Structures are given as structure tokens and as C-alpha cells.
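Next, two complexes with chain A in common: one pairs it with chain B, the other with chain C.
Let's look at the complex of A and B:
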């Protein structure tokens, strides 16, 4: 490909306005650009920056020129390298493969986004043949690092298929010399010593749901046969202990937990975070609820506005930073992933906030019957009777066919931020992403309308909180350490 | 229908002051609060019509649209002025960096090439070292050229 040199950068510019997007923040402006660099300026300085009046010798010159906000003094190689690193995933192909081993679940969670079926609905179990075929399909991806995530429903209800898929995937990885990560998302109520041993020996990382203290957790996650919270806590402790006593034969990963924020969580941020700290969990993902699946029908009861979530998120981050100052190790996952983009110009594997979004090109969801979907959310829409996000079937499709299916292409086009009128002008564009499934479910079109889109408002709120914290030297220092830890993942 | 018509607010915008893209983007910013319809008015002018879809009044939406127009004009100008530069940066980022290619007939990997180069460098360094220490003896005259050895000798006649 021929690279055309920019004439304007070398000659005297007719208008020396720098490449910049901006947002009003804390009485000044946040500037960002395509490479992912950012800077803060006062309103007065903003006018000077935009009119290209920042010259050598100006107190702002060094900082702004290093970040690419001074035309004629841009490190083009460096800025292009940052863009390349941040978008490296575009040349890899799908890396995350979500296998829905069953739709059966022994829980009836208020917000269930997995569209689970009753415990007796065995017809929604993935067969052994489908599971192995799905593993084969996953390994046709050109991505050198494959992650297979076993989900449900409750995946432990289909234990036989799970173990076979794990063993087969390990063999495939050895033969193909690809890096393989295996992950299980379970509510732990069906976990036994024997199952735990198998998972540890086969290096399957383990994740569960933990919504906070027992009363809150059990209110959200209804388990008729017992205490959901007690089961989760018991096995988190078990896996934490195992992680602390590593063995030479295999690596034992630290178990992790996912928090889903319902309306009931909004007034209890300290208790929730304290629960995670007490269990020795070092990450907490303050995950907002989406009006998809069962949650859509119950939104009035358990949902909230983006402003309510942003306020909750701000309080959580304040408290987490306070704990860090006291020497307690705890990170907020969404912040640490965004910081990876903002501070290190790297893509942390957060498929919801990519451009284009991770649908099909970054991840594929394999339904119990072998149907392929752009993502797990797309699969849930399919379970409700609308197969708009179906991209093929493991028995009939090739990867190329699935990725060039109308659904995959529509998701790529509609989640391209350059084509979204509001996003193309937004200061958070270098770090953000839209979700065609959310748009479709909440607004009736893949493109949606960002000005009335709650997910957009929510992300803007979260970015606002994160950037505000980054302005304070003490908070920034702590948050930088969160990204250093990312490097050791 | 009449109610809807009554609540609709129209704002005329001159195309001499703002281009159509600027007007579209600015109007989009109000699309969360109102249904927007942009139509050509007289030559050189368009009318943006806002029909409130929620609680925000038409008057407030019109005011917000006017403010947005000025902001959008600046964003559009900055975006336009940098289009070529942005495209250049992205193209540069997407273009693979040139690597020193191995000669077409070598069939060696980059790693093997490097190994070979290291080996050559090592041998050359040893030769230089030997030359410096005077250990470079050549009793059979192997390093001499044919001319050095035989040019002065007469050929035997049969």
C-alpha cells in the first residue's frame, strides 16, 4: 500500500487547528485525538489550542505537542504506532468463543440476561458432538490466542460435555500451537471437590457471580434449593486457598467474581466492595444491567437510569481509591480496562467498547444447538424468537461464511463510530464502543440514536468519572498501578 | 395532528452561515428530545423543524439547537482541516512496517539469517585477530593469486 505524505504538515498551514475532539469538563476542556492521547486545558487555553496559537516557549507546548495537539510538531510515527497498538485486534479474528453448554439453570435471577430455561429442560443441553464441533470451529480462527468460555444457563448441569470439550480443546491447542485459555462461569451451587480438581488440573479459570452481602445477593439471585450466596462464598474461598498453594504440575488461577448492579445495589456500594475485599478478591467489575433478556420485562422494578448508575459508579470508585490509599489491593475492572486504553494505548480485550464492536469479528457465541451468534447478547435476542444476530451453525458454516454473514456485516457497519453522528464528534471516541444489540433491543435499530441512548449516557458518565479522577495526582498514581498490574495478567 | 403541528418549532438557517452537514449534526444533537425534520426552504436556506418527543419544550430545543450550531461549526472546521492528516495516520498505522527482506533465493527465516550474520561476524573477527597476532602463515601460498604465483614462470615447451 502506498503511503501518501501529508503535505499540510510540512508546509505553512492555512488553518493550524490540531486534530482534536473535546468535551467540557470541570470548568475546562478535555482534549483527545485519534491516537488516544489526551490533555486538559482551561477554556482560555482551549481557544488558543484550537486556533493553533501554541508556539514553542509556551508553557503548554511540551505537553500538547507530545500528545499530538500542535500541528507541525507531531510525531507521526509515534502517533501512528499508538493507533496501531490500540487497534491491533482488527487483524486477529475472533479470539473469544462463548459456548453455551445448556440453557438450564437452577437459579431464577431477577436480571437474568442469559435467558435460562428450567432445570428439567434437558433438550437445551449441548450435545457432545456439537461441543466438539464448536471447539473445532473455534480453532479455525486465525487468532493465535483462543479463549473458550463455558457458560449457560448453569454449565455444571452439563458436566460430561464440559469435561470432554476441555480435554479436546487442550489437544487441539497442542496440535495447532495456539495459546488457549479456558474459562468457566458458574454459580458454584453444583461444584464438588471432584469437579474442582478437574478444573484446576486442566487450568480452567473460574468466575462466579457475587452481588454483595448475603441478603442483597440472594434477593437478586434466587435459588429455591438453598442459599446462593453461601455456595458462591464457600467455593471462592476454596479456589483462593488453592491459588495460594500453587503446585508444580499446573497453574492455579485466582478465581474472580462478577457483580451485576440492580436497583437494590444502588444504596449499598460500601457493603458490596467490603464483601469483595473480605474474600480476598482484588478486582470488582461494577457491571451495569442491560434491558436484555428477562431484565427487559422487569426493568421498572430492578432497572435504573444512566444518571443513577453514574452516581453509584462515582461513589464506588471514590471508596475503592480510599481503600487503595489505606493499602488494600482492590481495582475496579471497568476503570482498569479503560485506563489501559487511555494511559497505555492498548486494547484490553473489552469487546463491548471497541470500534467496531467485538460482535463476530472479536467473539462468537455458540448456542447449545450449534447455532452461531455475533455475541452472547445476540444469542439471547435469538432465544426470544428473533434470530437477527445469528451468523451460522457449526455444522453448516465456515468461519469465513459466518464473518461475512449479513448479521456480522451489519454489526460491524453499525458499530463503526465514524458512521455514528454523535460518536464521530465525541471526546470519548478513542476509548468507547457502541452495542448494536443494545440499540436494537432498546431503540429498535442497530444504529440507535445516541442522544437518547441510555448506554451512551452511561458510558459518558463512567468516562467522566474516570477522567475526573485522572486529573488528581494522588488518584492518578493509584490508577496507573492498576494498569501496571494488567501487564502481569 | 393539529396538536403536533402546534408544538412544532421551526428554525431557519442560512446555508451561507452553516453548511448542510453542520446543520445535520447540530440537529442530531436535539434528536433525543424531539423528532427532527430538515427541509429546503428558499434558495440558500433550510428549515429545521423540531417536534418535542418528551418533556422538553420546543422553545428550549430551538435554543439548544442554535447553541449547538456554533459549536458544531467549530467541530466541523477542525475535523475538515484534519481529515487528510487523520487518514494519513490511519493509513500509516495500517501499513506494515518494512522489514529487511532476505534475498529471494536464501530460503532462510529471519532468525536463521541473523544466526548466519552473527556467525560471519564472529569468523571475520577471529581472522582479524589472527592477522594482528601474526599467526597468519601460508606455507603453500594458498592465499596468493595465480598471477602472484605463476605469472613470472615460463611455460614448458613440448
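Let's look at the complex of A and C:
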């Protein structure tokens, strides 16, 4: 094969058309490139960069060369290594396996994306046979690290199947030598000491929803039989205490909580973050609402614009950084994951912001009846009557068959940023990802149209906030520490 | 874009818009109203019929046609790298090894 020789610039100036993507930011330009390197330049310098008028002796020349922005001065091996590390998800199979143990739920959350059925609904529980077959299916993934996440509905409503699946998965892991992580997402209202003990002894990590102070949480998360917030707080404290008193027999993971931002949250960023800090939670994931499931029908009431979310996100990050300066440990999860890509060139396992997205190749959702979906969001669309994201069934399909399904292939192709008109030239491309399910629900096609896509605007807003903070030395120093935590994950 | 008896008519010049781009755009809106694509030599015409807000829908369809055309144009330039990424992702997920023909460079 013919190998091109590196370009030598005889004029000792940077060559025109730098290898860069760019965005206007804070009166200057943010430059990024395919390897994930970034740099800031003033508008004046940007004009020089673009026209190739930066002389070799200029300090900016050295800075941009080192980051791979100057054609002819690129360390191709080093940059390729960075690209490979940041895109290592391309080399593994699905690692996240979401098992929907039941569609039943005792909550009626305003924004519910899980398409939950009422607590008394029939024939919406996963049978033991389906659960065990789903575990078998998960272990056919070539990924050496498997995470099985038990979800619902409310998974504790199908406790017998949950315990059997946990034990079976542990046995499978021991036999297959794969690394296995088990996770439970529960609202905690049905948690008991006995159940908690089982989960701890089997090293199941625990996650719940916490939307902030009691009035806000309970407004979003309606629980007719009691106080949802009180239940969540009680068991967060319980698991925090257990985490603090480790035992030699098994590892006790720190429990975590998920925040879903509704319109009601927008004016209350400090109270929400204070609630997390007061409970000793060290991570808060400021997750935007998506117009999928019940939220779609209630969007006028509980939804917001991408600009409103970005403003909220910016205020949250300001406050979190202020708390960090006061010595309080609290990190924002989305920023942490993006920083992992921006600063460390590593893939943090954030399936929503990958290229291609995690649908089918990074995760699979197992419905209660054994149907397989590209992701949990795809399953919700199925529950609404449109099975476009269904990729098979655990009893009838193989992994290869599921990944060869039209839905899986279409999601991989349509979420490839190289084939998305706006994304392919976006400064945030090295760190971002599109969601075919969102595109389909909001814009009627898997590809979407990024020019008028709310998710795109929202992600651009979030990246804008993160990069603005990175420009300030003090904030950057704090945010760098957030990624150090990820290393010990 | 012009008003016709039953709704709106959009005209896409074939010099800019391929028939494929217009058809893809029309498909996106086929659930919202009646959409009829009429290919012609110099232009592809699209008839929208029975839309609740024909003006707005016609604008959205025009945007979508532009988006689809840009995507088709981009695919001509980027199809190789896009294909490599998709193939690598799907084959790896199936557990099949992909072999780099150019030794990883």
C-alpha cells in the first residue's frame, strides 16, 4: 500500500486549513480535532490559524502543533492512540444489559419514561424462565465486563425473579470468568431489611431517584400510598451507613441517586444540590427530561426548552464548583463523564454520547416478555405500540441475529456522526453522540435534523458550559479532580 | 411553495435536490398528512394534502429535504470512514475480529 510522506511546509508557516473543528465561545474560538484535543484561540489568532499565517517561532504554533492542529506537524501515532482509546467501545460488544423485571409500578411519576403499568396489572412480570434466559443471553456478549441492571416499573415488585436472576448471574460469571456488575434501580418504597441484606451480600449496587427536597420530589414522583421522598431518603441513609461500615465478606458499594429535571426544578438548583450534599451523596447527575413516554404527553406542563435547561445546568455547575471550593465533595456526573473524554481521552461508558450510540452495540434492553430492544428508550417506544426498535427475543434470537436486525443496524448507521451533516463539522463531535430514539420520537426519523433538534441544542449548551469553566484555571483544577475519581471506579 | 386547491405544493429543483432526498423527506411527514411526490425532469413536486397547519408543515418538509440532501452529499465524501466505524462497531459487538488492512494507520 502506498503510504503518504508527512507534509513538510517549506515556508515554515502553519499550513492552511488546519485539522480542526471550531465553535465561537466567550469572544474567541474553541478548536477541537478528531483525536479529542482542544485549544482556545482569540478571534485574531483564529484568523491567522485559518489562513496558515502562524510562523514556526510563534508560541501558538508550538501549542497547536502539540495538540495536532497543524497539518504536517502531526504526531499521527500519538493522535491515533488517543482516538483509539476514546473510541474503545468500538471493540467490545454490549456491556449493559437492562432487565425489565416488571412493568408494574406503585408510583405514577409525571415524567415516567419506563412506560409503567399499574401495581395490579397482570401479565407484565418477567417470568423466572425469561429472566434466566436473559442472563444467558447477556453472557453471550463478547464484552469481558457485563453489567446487568434490574429495572422496571418497580423491580422489587418481582422480588422472587430478581433474587433468582442475581444468583444465577453470579454463577454464570464465575464459570465464564467475565467481570460482572449487578445494579438495581428502585424507588425504595418496598425495600425491607431482608431485601437490603440480600442485595448487599450479593454485591448489587443500589440506585434510586431523588429529585430534590420533599415537596419537589413528591410533586414529580407521585406515590398514592405514602411519601416517596421519605422512603428514598430513609434507604439512602441506610445504604450510606452500610457503605461506611464495610465487612470482610463482601464489598458494599456506595448507593447513588438520579435526578430528573422537570420544569418545577428549574428555579431550585441550590436546594436540589444541598439535598444531595446533606445525604452524603458525592455525585449528582443533572439529567434532562426527554419527550418520551408519559413526559411526551405532559411536555407543555413539565418540559422546558434546551436554553432553559442550559441556564439551569450552568447555575448548578457554578454552585457545585462553589461548594468544591469550600471543601465539600460533590461532582456533576454528566460533566465528569464529558471531562473524561475531553481531558483524559477516555471513553467513560456514557452510552448516550457515543459515536455510534450505545443502541444494541453497547446495551440491550430485555422486556418482561423476553423481547429485546436496542435500549430502554426503544423499549418505551415499543410499549406505545411501535416496535421499530425491537431487535429480537431471548428465546428465538442469538446475539448475532439481534445485532444483524434492521433496527440495530439502522441505529448504528444513523447515530454515526461522520454521516450526520451538522455533527460531522461540529466542535463537540469528538465528545458527543446522537440518539436515534429521540430523533424518531421528536422529528420522525432516526437521523433527525440537527439544525432544529432540541437534544442537539441541549448538548451544545452543556458543552458550552463545561468548556467555559475549563477556561478558568481555578475551575479547571477542581474539575480535573472529578475525573481522578473515575479512575478508581 | 404555492397554494393549491387541496393544500400546498413544494417544488424542489433537481439541480439541487435529488429525488431520493425529496422522497426521504416526504416519508418523514407521511404520518402527518397526505404527501404525494411527483418526479419531473427539472423539478420534483411535492403535494401536501390535509395538514392541520400546511404552511408550517411545508416549511418543515423543505428543511427536511435540505437536511436529507446534505446527508447524501456528505455520504459521498465520508462514506469510507463512516463505513469503517459502523463495520467495526457491529462486527466487534458480534464477537468477530476486524482486521485492519492498513496496520492500524
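Rule of thumb we're sticking to: the second predicted complex is superposed on the first by the 471 of 489 C-alpha atoms of A that agree within 3 Å, B and C clash if a C-alpha of one lies under 4 Å from a C-alpha of the other, contacts with A are read in each partner's own complex, and residues count from 1 in each chain.
Please note the rule applied: contacts are C-beta pairs under 8 Å (C-beta built on N, C-alpha and C of every residue); 3 or more make two chains touch, one makes a residue touch a chain.
Since the model is a prediction, treat every value here as computed from it, not as a measurement.
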{"item": "Which of chain B and chain C A:79 touches, first, second, both or neither", "value": "first"}
{"item": "First, second, both or neither for A:160, with chain B first and chain C second", "value": "neither"}
{"item": "Which superposed partner A:444 touches (first chain B, second chain C, both, neither)", "value": "second"}
{"item": "Chain B versus chain C as contact partner of A:144, first or second or both or neither", "value": "neither"}
{"item": "Touched partner set for A:93, first chain B, second chain C, both or neither", "value": "second"}
{"item": "Touched partner set for A:406, first chain B, second chain C, both or neither", "value": "neither"}
{"item": "Partner chain in contact with A:18 - chain B first, chain C second, else both or neither", "value": "first"}
{"item": "First, second, both or neither for A:35, with chain B first and chain C second", "value": "first"}
{"item": "Which of chain B and chain C A:50 touches, first, second, both or neither", "value": "first"}
{"item": "On chain A, positions contacted by chain B and by chain C", "value": "1, 3, 76, 80, 421, 449-452"}
{"item": "Contacting residues of chain C [partner chain A, same complex]", "value": "24, 27-29, 31-32, 63-64, 67-68, 70-71, 73-75, 78-79, 81-82, 85-86, 88-90, 92-95, 101-102, 104-105"}
{"item": "Parts of chain B lying in touch with chain A, wherever the complex brings them together", "value": "24-25, 28-33, 72, 74-75, 77-79, 81-82, 84-86, 88-95"}
{"item": "Residues on chain A engaged by chain B in the complex (per definition of touch)", "value": "1, 3-9, 13-15, 17-20, 34-35, 50, 71, 74, 76-77, 79-81, 83-84, 87, 421-422, 425, 449-453"}
{"item": "Contact footprint of chain C on chain A as seen in their complex", "value": "1, 3, 76, 80, 89-94, 141-142, 355-356, 360-361, 399-400, 403-404, 408-409, 412-413, 416, 418-421, 424, 443-445, 447, 449-452"}
